[in-house]
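In this document, chain identifiers A, B and C correspond to the written order of the chains, with residue numbering beginning at 1 in each.
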Amino acid sequence: MSDTLPTQSTGVATAAAELLRGLRAAPPLTHSITNTVVTGFTANVLLALGAAPAMVDITGEAGMFAAVASGVLINLGTPTPEQRQAAREAAAGATDAGTPWVLDPVAIGVLPVRTRLAHELAALRPTAIRGNASEILALAGLSTGGRGVDATDEPEAARDAARALAARHGSVVAVSGAVDLITDGTRIIRIANGSALLTRVTGGGCALGSVMAAFLGTARGTGIPALDAVAAATLVYTLAAEHAARAADGPGSFAVALLDALAAIEPEDIAPEAHVEERAL
Amino acid sequence: MSDTLPTQSTGVATAAAELLRGLRAAPPLTHSITNTVVTGFTANVLLALGAAPAMVDITGEAGMFAAVASGVLINLGTPTPEQRQAAREAAAGATDAGTPWVLDPVAIGVLPVRTRLAHELAALRPTAIRGNASEILALAGLSTGGRGVDATDEPEAARDAARALAARHGSVVAVSGAVDLITDGTRIIRIANGSALLTRVTGGGCALGSVMAAFLGTARGTGIPALDAVAAATLVYTLAAEHAARAADGPGSFAVALLDALAAIEPEDIAPEAHVEERAL
Amino acid sequence: MSDTLPTQSTGVATAAAELLRGLRAAPPLTHSITNTVVTGFTANVLLALGAAPAMVDITGEAGMFAAVASGVLINLGTPTPEQRQAAREAAAGATDAGTPWVLDPVAIGVLPVRTRLAHELAALRPTAIRGNASEILALAGLSTGGRGVDATDEPEAARDAARALAARHGSVVAVSGAVDLITDGTRIIRIANGSALLTRVTGGGCALGSVMAAFLGTARGTGIPALDAVAAATLVYTLAAEHAARAADGPGSFAVALLDALAAIEPEDIAPEAHVEERAL
């Protein structure tokens, strides 16, 4: 997808290089409450990149752990009653401690339990919200969502929904797709890196939510805004996916190569290959 | 194992080619309630093949999702109380909506909780029941099962049990092993494709249950009987396993190559390599 | 890490060869109650090696299954209420039946739920306790632990804690790190095989706990002491990791190669490459 947008030496590429350097120098403890389908892959993505993953998704521990973590992901893919309560604890613990946290409202829209929980958590003002276009439309109240985890809409179709959500909750909103769209309600960043193979690996999107939490954790105290940190996470991840796709024979070898590429990517690799566009909204 | 049965251009190979084409043209939403050991691999198998996986295993969502899905798998490998109730909802939702569903009674026999649940769900007349010989014998009431997830019996030892189960519940019954045996109580199909490496990868059998659900979903409205759809799923999956085994250095690289092979296999690859035998019972 | 200790033809290498031969001749049914992040990888490690994995982590089944299993692992990485109760059942069932069992007190110290459970289970005198230095220090009451799953201390820092724990609970205590340290309170074994890539794969340590349970299961009736069986498991696993690291381009391909290497390693490969030191305490 590298021809959609011109290569530019933007602020996002600069921020991505700085944050990747910082992440490797001081691995951010990244607390992921996520679905049972992608736990292993998510942890491996974080370890490969250089972050320190931990999954603490029980009540009585999730909140206190969110307070000491560098960043938190709450992903609603398989929200058991225990995990729903742990998610509430984690959101509260993160908020109280000032830990940045990311909400991934997986497959909301038609499914009522996660949809209610997503609205409840969004009202707690996550640092970032990440989803496909259907999920972002559903969270903004502009659609009842797709038929499940499929993205049935393109990111651009969710642009106004993303802007509305960002304004309503003070969150950075990231919509994934062939061209990723990220906004804080004022600026909008589009990233045209990546590989279609990411959609053929389970957790290809979910793991990115954890990478965003790791980058937000590393960004604390640097002065890099949350919008740029979320975009930087997307850029590093999708660039690694491009590298991996070159070596892959299919989705199985791609997932393996993605982990190798996340470990191998260096700060100076980013700017020359970044296809990023940034505009005022 | 490709010498056990002659290569034949059977109805199964024709159905497999037609269903694989249909699956890729319109990815079936395949709802899998499955065990925590194999969730990621199962989703990756479905994505590699071209289907659309979703795991919705909480109460309040599982039933309604089964109603809108193309096909459903209920696998009893790690049945928590929440998942047991979600499985009941999903079976009821699928039945009401006419969604085909597959029951995989993992490790039943000695373990009481899952054994009771398997009998309860089987009485709801699943479209298909899939297991190893020990599990099928146990579900038919002819054995107390193996010592766990091991197959301690060969498929042929479960032939009469499979026939009895098929007649009792109106289900297609599939017994996996070196030669897979599939029956609807009237006809019996044997498939001698595959690789012993499938038994060295966790989820090698469990993921096949989801592939059966996907093929049954694609078969809806085509006139292809459930027996042929289940056999077609088995044939495509075991053929991909043969392809993968050629490229593998061991069980780790085999699992990766299996995903690549599932993505690469084409409808016209099937008939020339199929080792299928079909008979009246 | 193969230069830290000289290659020696110790009793551990001899025991490792004998146990690996025995494990492949009669695969030990290895019951793992483990965290949701590493279930699939753990099962794949056991299958690759030649053992028979099973995860039975619900109440009403975990205890009876521990009684019939060859060996049991209880890992506290994601201890839901259901799994906590299943862990108690499994520990009791294993103890009553004389099944060797391994406790892995993941991330204890600060997190209260798992810390209480780890102390409760340790008092039931596990055959072996496995952890990183922070976890072993915390279980011995000498530290409040690290900041999560990170090992923030080196194994040698936990030597006295390991000795104290071993004496208190009659357990073999294994502390993982660049040089693994294993003691029964009387003898101490150090193993300097392995690869730093093990720390970049989720479950790299957790899966070793299951391998220890498998080796302890195979050791029953052989006269090989639990200390030597735990050390043998560590030696085979870390040697396979060395082999895998030679073929790897990063953490993704390393995890795949580790499974291939576990399947490929032969009893006669062990002694020539073992870096083991054994002393009286």
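Keep in mind that, in the parts below, contacts are C-beta pairs under 8 Å (C-beta built on N, C-alpha and C of every residue); 3 or more make two chains touch, one makes a residue touch a chain.
No experiment lies behind these values; they were computed from the predicted model shown.
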{"item": "Type of chain B:chain C copy interface by residue overlap (half), same or different", "value": "different"}
{"item": "Size of the rotation, in steps of 5 degrees, that lays the CA trace of chain A over chain C", "value": "120"}
{"item": "Computed distance of Cα centres, chain C from chain B, in Å", "value": "34"}
{"item": "Residues of chain B whose C-beta touches two or more other chains", "value": "36, 39-40, 80, 255-256"}
{"item": "Chain B - residues contacting chain C, complex", "value": "35-41, 77-81, 107, 110-114, 147-150, 199-203, 249-253, 255-256"}
{"item": "Residues of chain C touching chain B in the complex", "value": "29, 36, 39-40, 43-44, 47-48, 52-58, 60-61, 64-65, 68-69, 80, 82, 255-261, 263-264"}
